[in-house]
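Two complexes are shown next, each including chain A; its partner changes from chain B in the first to chain C in the second.
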Partner chain A sequence: MGRSKTNSPMSLAEKASLTWLLIFTVAALLSQILVLRGEQVVAIPEQAYLPPFTTFEHLLGTDGLGRDVLFYLFLSCRTAWLLAIPPLVLASLIGVGLGTIAAIAGNHGWRIPLVRFFALVLLLSVYGILYPVTHFWPVFAESALIRWIYYGSSFPLLYLLLTKEGFPANSGNRRYITLAVDDWLQKIINIWSALPKLLLLLLLTAFTPFSLGTLLGWICATYWVLPARIARANVLLLKKDSYYESALALGIPFYRVFTNYLLPSLKGPILTNFCFAASGLLGVGSTLAYLGIGIPADVPSWGKMLANARFSIEAWWLLAFPATFLLASIFSLQVLGNNITVQSRHKSVTK
Partner chain B sequence: MKKYCAKSLSLLFLWLSACSSPSKEPTIKVRFAQDPESLHPLSYGNAPALQILNYIYQSLLTVDLENNSIQPLLAADLPSIRREDSLSYFTFTIRPEAQWDNGSPVTAQDVAFSLKMLHSPLLDNERWRGQYDFIKDIQFSKNNPKTFTLICSGYTPEMKLMTGDFFVLPAHQFDPNGILASVPYALIRQKFDSLSNTATFKAFASTINQPGMARDTALVKGSGPYMLNKWSTGQSLVLEKKKAWWGNKAMAQAPVLRANPSRILFQVLPDNAAALLALKSQALDVMDNIPLVTFQEMKRDEKYQQVYNFYSPTSFDFVYMGVNGQNAKLENRLTRQALAHLLNVPQIISSVQGGLATPTVGLVHPQEKNFYNAELPLVKYDQEKARALLQAAGWQQTSSGWQQKINGRPQTLTLELLYRAGNSDFENMSLLFQQNAKSLGIPVTLQALESSQISERLESRQFDVYLRTLVGTPFSYNLIPILHTSNANEGGANVTGFGNAETDLLLEKIAVEEHTAEKALLLKSLQKAMQEESNLIPLYFQQNKIAVSKKLDSVIISGLKPGYDLTKATFKK
Partner chain C sequence: MALRNVAFQVLKFAFSLWLTASIVFMMARLLPAGHGPKGMNEIDQATYGAADAASRSSLRADYQRRTGLDKPLFYFKVKLQGQRLADQLKPSAADQPWVNKAVLRHGLPEASRFYHVWQQWLPQAPGQKSPLLKKLLYWTSLDASLDRKSLEKEIASLLRALPKANARPLLNAWQNLVAQPAPFLYYLPTLEWQGRDNIYHHWLTQLLHGNLGTSTQDYELVTTKIKESAAVTIALGTLGLTAALLVSFFAGLYFTKNPVSTFTFLLRQFLFVLDSIPAFLIALSLLGVFLLVGGSVYPSLETDGNNGLWASMASPSILLGSLCVSLLIIPHLTLQFHQSLVSQTSALYQRTALAKGLTFQKTLLKHLLPNALLPSITLLSEVIIGLMAGILVVEITFSLPGIGSLLTQSILTPDYPVLVGLTLTLLTFRLVVVGLTELVYGWVDPRMRNN
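Our next item is the complex of A and B:
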């Protein structure tokens, strides 16, 4: 595919955005190291509400508990980054995977022998029943070995069931069950996308204790929908193209078809979506922190500082600095997303 | 056409002018943080509802917020008390002037009816049935329809207020057919279950439980000075003074009956920010529980100094850290004492509470000079002392934290601190405690939960430490429910597992002791025992933060709920 790249020079806004995001990521990385070493913002209540630019020690001032604003904002980069990037990467992977499977398999593409289907259901239900036994029954609950056996045994068994070819004896008599993958995915997507994301997150976080880990999981569970839609739509288009059909006819294995023929066209829209979703997620993460939901009190976050700014009108710096950081990150991602859209439109084969 | 226009316009103006001046009466505007749950005298639920009901209904006795003394309200005098064996007799006489809105007098029969309501089947009165279980019977006087005697089992000092602390309801209004009048009080208590199956009681319960009873202006009315004029849910409640209230005549002799404001408007503003905006634009005359920083900023600002008086009366809301003494890690009292030394109370008071809180050694308010154990020192923030106590408790500091074997199992000293989500004071205190504990090598996880979730965890004893507020009164030191070992089992209210045989005995004696001097001795030894055990680590007694408009005179500010008394307020001329 000898397309020449249309490398338009980057505008100033784009350069600035990239630089900011780079700084943001480096700050997140550094603060992760600091957190691993057990560092945290020290509260010195005697120095509460120091205005900014008065002392060198607290350049951006201090908050109501006497915590240094600059250091707090620095450590907050980690929270913002963690809440936006990793769950979105995972959600995009899940979405692209599901969307592609749905588009390729359609409603008739996936047939499973009835026997195998029931074996799978049986296996899953046995593991489902065993879950509370291994996790909550006092004898087993504290034994790591039991858990290892529980999870360790499940993967080989699933693998065997899904891949082992042919059951012995009268194969002609086998009955199949056809899974309407596309229909089901469409239904799930419709239901899932009907709910506003923030509301869904609020609902989901109510079920689990506050921690970054669970919040990451829930964000992942909420944000896979759009990538799945984009992937499905694009693959459905590409599927009809002659080069795809010829690739299949040539007997090229599917993973190579995927990486060489499908992915290049998927990349643009998925990346664009990624940038916009990430900028949205920064806002959502801060909103959750502002509302005091999902993020523990000892994890610093821009939203939390904004929430604390409510208590004092005089302490303008508690509002101004985190808002600047948040807006800069959101705008940068938007600018970047815009740039990718433009570029991928130039490159796309399905424009 | 022109004429028609002119006519309709003038009509419109008439209509508008009729709307825009609902009342010339001066109105006191008070902020409510939430709507009353219901104005049903049996099941009112929350504090705003009780506040409103206190204007509409009356009880026999009341607490004067000015000096926290018990005063006769509907009763002409404090009851005369007689004690015989295991029974005590409280004889009341109702004020001769007291009457209902329809002109009929308030009699002993109304009191009997009200007591029956508290014990009748099929009504939402479970809470009252337990609370007023001690009133065994009511005897009427033959000579005076306004005199009666309550027969109570046993005697405790709390009964002096409790026997007259329920609303006296108009029998003619709630029970026009006299269903309850025909059944004696003692019988209702005895035959509770069988009565619940009778058709008459079912019919009675359905009239009492009808939704109108909880909010209809025609049905919510009692002998009190005010009537409910309007209630728009989520917006406002209006109380209007009755023109021909019976108390107007009696007021001169009994100042407790005074009710000056002719109209009180309770503005429902759940959002703090919105309420503050209203206060700053002088759309409110009274607001309590103002957030600390705003309170301080307004107090400093000359603009607001001219229009508002600011008060910070001490309240009986006791803020403490509860420690689970039934948890293996925290079983040893030395460990719990060590935790007490990790709380920097003066720092918390000055930073989180802006100095508006009173430190204390225990459950008794320092203001109660008789009962407060002033000889007991306040527990100081002291890392070294905490370290020494932990070592004395058998903990050893290793690279992975404080460890020891308890009941054959290796344990690491880690804590999970529970507090109510959304409470920024608790959040800040938790952060400070976490920081102090961390510098000693104790990792603390902060867990913000909903109130009901915390209660669940406490009841099932699945917790290490928690922060909470205990709302107390200076009238009762019956602490048996929360401190007696008989309530320490799962589900009981003694969630921290405080106590031993000695403290149990102390608690039992305190609950029945009448003489101040003896009671003081007992309470002081209880405070000492509680400090040694450190199951409840005291932080402080909160102070309320109230702003009252300078337009108003003689608003009484108090430490008791709701923090202010408007009945004696007048507008400045």
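Our next item is the complex of A and C:
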């Protein structure tokens, strides 16, 4: 494949964006190392509110507690990076998985013989009823053997129920039940996207104590929706193509079909969504820090500095520099996202 | 729209409302620290001094009785058969834990016999009760059978060491008790009807009467607090929304009329940039610029409280906040409206109209606009729902006492009744907006009426 027209040399904006994102990631990595060694921003109250570009040791000035602004912003890169990239990667994986399953199975793809369905339900209820007996009855409570039998017997039974075909003689008048996976996923997506993401995140963080890890988890739980929608829409389009049908007819196993046939077309929209969602997430993460919610008190963040800047507007450097860093990261991600959109649209099969 | 369709829609709406309320109820149960009085779960229990565990637990029990939290949670409860049998025994409050465990572990007949002997023995030897009770309560918490057996032997030796001959039946009953386990039927789950006097029922009936509870911070009614904040938020939202609608309408029309002018290009680029800036940065910059040019956020007019709505709306904070709100939604509205107008310009009826000799201006107003307004209804409902998050940020920045500030404070304090009430309000608001959109869409577009 020769170079297509869109593989033109990168414009200045794209080069600047990539450079900034590289600096951002390196800064996050370095500050993670610093945090692991226990370094913190030192507060020297006598040097509070020093204007920038006056002394060499506080190049960007100091804030209300006398903390060096440049070092604080450097450490905040780690917070911003941790709250944007890892949860989005996880959320994209989960979303793509769920969306693809729902699109492939559709509303009629998952048919289970009625007898087998009832047998599964019965199995689950028997296991549920026997759970207290095997775990709490004094005679069984200590016995590891009983637990092994309880959990272990589920595997062969599930295997028998889910894979073994029934008697072929019955296949004529066997009743089936179809599980509408696609409809369920759409309903779940509708419920989950009921509130704006900021409000949903606010409410979710009220359940757990504030920490970076739990916030990461809640962000992941909020942002899986859009990748799922995109994956579902794209796979539905791709299913209609003849090359997909021929792949199935040739008997290619599904994981190969996914990686070689579906994934190349999914990569573009998902990456684009990743970039735009990351830029939005940087904003939302900073908004949460600005509101004082979700991030523990000792973790530095751009939003926190901006929140404190509200009370001392004359110290313009407390407003300008975090805003510059934040806007630079957001715009770089958006330029990158635009670039990926253009490239993927050119290469895409489903134009 | 047939009556049956309308009735069906109303029923669906009521069902989703009930489902929302129940989910919010479950959320309220899952919130940490909702079961004790304020401050009890915090690490430094300075509010309660150096109180010991017994008085703290009696305080908590009293609080739960007062607020009705000691009632059963729901109409049904999944209970083990053995637990059900243990409830028939009805021991006293101090003895209840170990009697329940005795029934569950060793069976009802032996446990009830031991309990009767215990109750007969107690009046005769009041002094020896407490070490025995302590050991029994410790016995309840032990789940590992080895530890339990050693503790049972200790209790037996303690009983043997008691002087009176009346302790002999107690010892025999204890040894009979620990000798044999309960049958496994005790560990099968059953469904038990808890009665109508449960927390969920009371919460739901209170909700239907419009009572959302009282705040744990200042003991005001939640509904009062929400109403007061809603006034500010609604003022902010309506001002900002109307301004934004006007600006985006005319801007969209202008963009469509002059698609190639530089002004259009520059303004569109500016709107794209404005769309990507986070909301709180826009609010902060606006506040900063306003303060730096010498404005003041204190109202300059003398309000004597009787000027009503107009004077309260004229305060600088609210005007500035509405300007900020409009800035937040103008980009998205304008760009989407312009997009839908542009997509209509390539339609066939537009070409026919131009070929007939109508000017672009006339076709814009008579043909393009009505067709482009239709998807704008859905756009508007999306924007109104997304407005909730934007108004929150604006209220925090300008320190306006609206619903956003109330929500943030109730998360930070934490104030769970207000939080639950606000969640319910926001979800209901969203349901209402979506329902209204569907109705308006169905009314405006004749093609939708048959569905």
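FYI, the second predicted complex is superposed on the first by the 277 of 351 C-alpha atoms of A that agree within 3 Å, B and C clash if a C-alpha of one lies under 4 Å from a C-alpha of the other, contacts with A are read in each partner's own complex, and residues count from 1 in each chain.
As a working rule, a contact is a pair of C-beta atoms (placed from the backbone, for glycine too) under 8 Å apart; a residue touches a chain by one contact, two chains touch by 3 or more.
Just so it is clear, the model here is predicted, and its values are computed rather than measured.
Taking chain B and chain C in turn and counting the residues of chain A each one touches, the greater count comes from C.
Contacts of A:45 after superposition on the shared chain: chain B is touched, whereas chain C is not.
Within the superposed three-chain model, A:292 lies in touch with chain B and with chain C [touch as defined at top]. When the two complexes are overlaid on their common chain A, residue A:64 makes contact with chain B while staying clear of chain C. In the superposition on chain A, A:313 makes contact with both chain B and chain C.
Residues 209, 292-293, 310, 313 of chain A lie in contact with chain B in one complex and with chain C in the other.
Across the complex, chain A is touched by residues 273, 291-294, 297, 347-348, 350-352, 421-422, 424, 427-428, 430-432, 434-435, 438, 445-449 of chain B. For chain A in complex with chain B, the touching residues are 40, 42-43, 45-46, 48, 64-66, 209-210, 292-293, 296-298, 308, 310-314. Across the complex, chain C is touched by residues 128-129, 132-133, 136-142, 194-199, 202-203, 205-209, 279, 282-284, 286-287, 290-293, 303, 306, 309-310, 313, 316, 319, 323, 326-327, 330-331, 334 of chain A. Contact residues of chain C toward chain A in the complex are 27, 30-32, 80, 104-105, 143-145, 181-182, 184, 186-189, 273, 276-281, 284-285, 287-288, 291-292, 385-386, 388-389, 392-393, 396-397, 407-408, 411-412, 414, 419, 423, 426-427, 430.
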